[in-house]
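One structure, as structure tokens, below. Some questions next.
Chain lettering (A, B, C and D) follows the sequence in which the chains are written, and residue indices restart at 1 in each chain.
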Amino acid sequence: MTSFDPQRVRTDIPLMRRVINGRPITYLDSGASSLTPRTVIEAMDRYYENHHANVHRGVYQTANEATAIYEGAREAAARFLNATGGSEEIVFTKNATESFNLLARSWGAKFLSHGDVVLVSEMEHHANIVPWFQLRDSHGVDVRFIPVSDDYRLDLSNIDELMRGVKLVSVTGMSNVLGTINPIRELADMAHAHGALIAVDGAQSVAHLPTDLVDLDVDFMAFSAHKMLGPTGLGIFWTRAEIMEAMPPFLGGGGMIKDVSLDGYTPASGPTRFEAGTPPIAQTAGFSAAVTYIEGLGMDNIAAYEKELTGDALTRLALEFSGRVRVIGPADTLDRGGVISLDVDGVHPHDVAQVLDQFGVCVRPGHHCAKPLMRRFGLAATARASFGPYSLVSDTDVLLEALGHAVKMFG
Amino acid sequence: MTSFDPQRVRTDIPLMRRVINGRPITYLDSGASSLTPRTVIEAMDRYYENHHANVHRGVYQTANEATAIYEGAREAAARFLNATGGSEEIVFTKNATESFNLLARSWGAKFLSHGDVVLVSEMEHHANIVPWFQLRDSHGVDVRFIPVSDDYRLDLSNIDELMRGVKLVSVTGMSNVLGTINPIRELADMAHAHGALIAVDGAQSVAHLPTDLVDLDVDFMAFSAHKMLGPTGLGIFWTRAEIMEAMPPFLGGGGMIKDVSLDGYTPASGPTRFEAGTPPIAQTAGFSAAVTYIEGLGMDNIAAYEKELTGDALTRLALEFSGRVRVIGPADTLDRGGVISLDVDGVHPHDVAQVLDQFGVCVRPGHHCAKPLMRRFGLAATARASFGPYSLVSDTDVLLEALGHAVKMFG
Amino acid sequence: MANLDDLYREIILDHYRSPRNRGELAPPALRVEGFNPLCGDEIVVYVQVEDDVLADIKLTGHGCSISQSSSSLMSAAVKGKSLEQVRETITTFKQLMTVHESHLSDEGATPDEDADIRRLGELAALAGVVKFPVRIKCATLAWNTLIQALDELPAQA
Amino acid sequence: MANLDDLYREIILDHYRSPRNRGELAPPALRVEGFNPLCGDEIVVYVQVEDDVLADIKLTGHGCSISQSSSSLMSAAVKGKSLEQVRETITTFKQLMTVHESHLSDEGATPDEDADIRRLGELAALAGVVKFPVRIKCATLAWNTLIQALDELPAQA
């Protein structure tokens, strides 16, 4: 184990005190949303209690304070990602999904045309699929899928073929179903060699792995605050300043304009062009606190720790449930994060989750917004357990105990 | 004065304790965003501390609780608006602006075509203008403006002419610059008589006047939680269930689909079709608390009280600054809310606001996202003071004192 | 407090393990699909109506024990019944699934409800589902699909 | 603490009330518009360049006392200067406006900055603006517009 102390993290998280069905909560659904540290909650409280005002257009003191908090969060995001262009490259959205819609409808609608290919993968979340289908319907682009191999990895054996006509590669940094960590830098080099750009779905990867935009050399990044210890209602979109400057507006309204007359409007420049209306201001206060909190833990430590947890869980699942429980995802921890999708023989994921709930264990049944991936493996759903920096080996203990009960019950 | 007690409201608002430049805060910017009662802040704290989980797809207890909170907020919204179709008619967005974009790009893009007219007014906020210009650019609709007369009201003298070819009337319930309250029911009858639908920008009106969708007989309504004592990051879109059912999806991603395959997607039905990605869950907890809080005060009481404040302020401004300060908006309180835009002779609104800040007075200088209206009156900006249920006559006292200083300084 | 035994009654597990009326029917039998988009459950209902009688019904699809047993129990309950009887059964079952929240905490049901539940026979095993509100959608999926099928029947001459 | 007198120096109010070089220049003078979209301030800068000298400059537009006085002060400072001198003045002024946050709390400036400020002459009256960060955009609007104008000058033959 590293020096990182998950017990400390637990004491920072109020929700850890919850008792569910007579048992302490065993939260294994960080892949869906992470639990919120007190410091994040308090940052938002402080915002509402002392500084709340609409941003940007105020001259008075609290309006300046709110603006400073809001713009400070942009800087926190840029620092967190190592975005060399700084805060001018950060757009705040409502979630990772909106970030992808922004990418598709602004950049995509302008720079892609009939027959251009967007290359996604079969393991994508719907957030990185549906916007492209929508762009296909409106603009005639083609959506092509990198297949996933039987070992739950991107099948890049045919990549040269797949890259034909591709203008954008858009793949997830880490699968929210399989846990697979994709070779983003390699894909970025490949995309650029073919004259394409590359977008990364960082919803999982940014929350669980160190992310360095300089190392990754990608062109777009989308993620959500609520999966990285931050609040709901805030997403982040990043792209290089020069790309952003060429992107037309997306949502229209106040704040994103330079001028409006009875005849038309001219858009503002910079990230505000994509931030129509009053933004999620308080949420940016929470996001900054989350970034600071994660920086305090060290993302390297978090990643290393979650890897140990994952390795332990994978080993014990194989030992104790061999034949009865199949892990839908890589069997070892190489290039793999702490998301463990389970297919329990003879027990539907819904029922697995229901039985587990009786033990206070929170796992998520369903298709995890990755229906193409489910189809690929002939599944309708899995029961997914996923770790966060507050998870413990003892969480895995309870998971296994409850799983044993489910298997027996439906046996 | 009514039995309603603004002093009680003040004690419920932590930010009221702020001291600005040595003076207690005089918050007169509720038109931009309202201050947040403790109960709203605490509702969100409780959510994060006890119930946080992603909604809809969970089986475990906290996921059910989070879902109940989220869906409960839909019910609160429906109750607040008297939406007879209930919670199925409520879509959560990130702000009023997104609600208008949803209206334009989903309903508008499907039901409006080349040459169809969207009739807005010259006093609209950019949120209710820019999306229509965007639809003009993409779909060839015409955007027509109801003029504003010299007495700061909609000029409906030519309305039959204006209504030609109109498929949608989209107007504000209350101007965020003038304070003018528009005759929505009358406009709705007119629109319907011409076979058009009507949308209302409720950003101001829903926060300051009783809103009854049955009485108003409108077809669409958009507003934001943060202007009605709620949190940032949450908007509401309402339409009748049968209209909603015919609207195609807007943003694409998880949660808004029925199915996704490698070939395409089919959208879900009901409001979730328009709620792609993880929604602002905690914010809906805050919103419900805000609705409950307002219901406790009584929206009738709030409206009556703010009317008194407004009348008092208008009278005293006229008395004390006659000739030097012009109110850009109706001179009396008939069909008029508590937004008072000031044009101070020889002092730019920015400078007015700067001087006022020294007195702890928060007013907003600028075009208030209503540039066409500003042009209409030959102004670049105003300094806007706006009331909330926590405002007092003594706030007006300080405003007038500070204004006197500004006038003298630049005199 | 609701516990697992309320949900997973023996009859339910039995129908889940050995679903009745599983399979397809060839046209002119009607085929209607039902989805639960939130959890990925899918069901296909085939109905063969002859002389206002639901002469045959078959089901395919996949889902949890609740959705599968509910569809199996449904098929057994409606097969061979007149359309009017089928509609009555549907109504009674839907009532069972929407029992008012205030009853959730009580142990018993009202006398009226008791009578209804008895009329449901084996279907009554699903009564415990209402204590797990999130699973109600699982239990009603097949039924909503059947309703849709009945709605799609060619109008009677 | 920053107070109003730091911002509204007498020179500033004077230039606001009686702006210098107000008006338009006919082509071939260059005309460039500047906006501050957040507050609605607008400025139009006309520049007439002859033999690498900014022979004439005029301004129209509207805005607050800071943006108007800054544009007036700017016009007085650059009119008749060589383009090189103009560029130097711009650079010095922009530095004044981006003084590092850490100085905001101090009363004084570094000796280097003092020297720069002295070179700015009347323009130095705007130094107090940095204590009101939200107003910096007002003070720099005219200057950014002038920079844009210089950038648009036809390349020297």
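In this section, contacts are C-beta pairs under 8 Å (C-beta built on N, C-alpha and C of every residue); 3 or more make two chains touch, one makes a residue touch a chain.
In this text, all values refer to a predicted model and were calculated from it rather than measured experimentally.
Asks: Rounded to the nearest whole Å, what is the centre-to-centre distance of subunit A and subunit D, using the mean of the C-alpha atoms as each centre?
Replies: 45
Asks: From the C-alpha centre of subunit A to that of subunit C, how far is it in Å?
Replies: From the centre of subunit A to the centre of subunit C is 38 Å.
Asks: Once you find the CA centre of subunit C and the CA centre of subunit D, what distance in Å lies between them?
Replies: 76
Asks: What positions in subunit C touch 2 or more of the other chains?
Replies: 38-39, 135
Asks: Mark out which residues of subunit B touch at least two other chains, giving numbers and ranges.
Replies: Counting only residues that touch two or more other chains, subunit B contributes 21, 57-59, 63, 257, 259, 350, 354, 365-366, 371.
Asks: Chains as vertices, touching pairs as edges: which of line, ring, star, complete or other describes this one?
Replies: other
Asks: Pairs of chains that touch, anyone?
Replies: Pairs satisfying the touch definition: A-B, A-C, A-D, B-C, B-D.
Asks: Would you pull the subunit C residues touching subunit A in the complex into a rising list?
Replies: Contact set of subunit C toward subunit A: 1, 3-4, 7-8, 13, 16, 38-42, 62-68, 132, 135, 138.
Asks: Help me check something: in the complex, which residues belonging to subunit B touch subunit A?
Replies: It comes out as residues 14-15, 18, 20-21, 25, 27, 29, 32-33, 35-36, 40-41, 44-45, 48-54, 57-63, 94-98, 100-101, 104, 122, 125-127, 129-131, 133-134, 136, 145, 224, 226, 231-235, 249, 251-257, 259-262, 264-265, 276-283, 350, 353-354, 356-357, 361-366, 368-369, 371-372, 375.
Asks: Okay, in this complex, where on subunit A does subunit C touch?
Replies: The touching residues are 21, 347-351, 354-355, 358, 365-367, 371, 374, 380-381, 409-410.
Asks: For subunit A, which residues count as touching subunit D in their complex?
Replies: Residue list for subunit A touching subunit D: 56-59, 63-64, 67, 257-259, 268.
Asks: Subunit A touches which residues of subunit D in the complex?
Replies: Those in contact with subunit A are residues 35, 37-39, 133-135.
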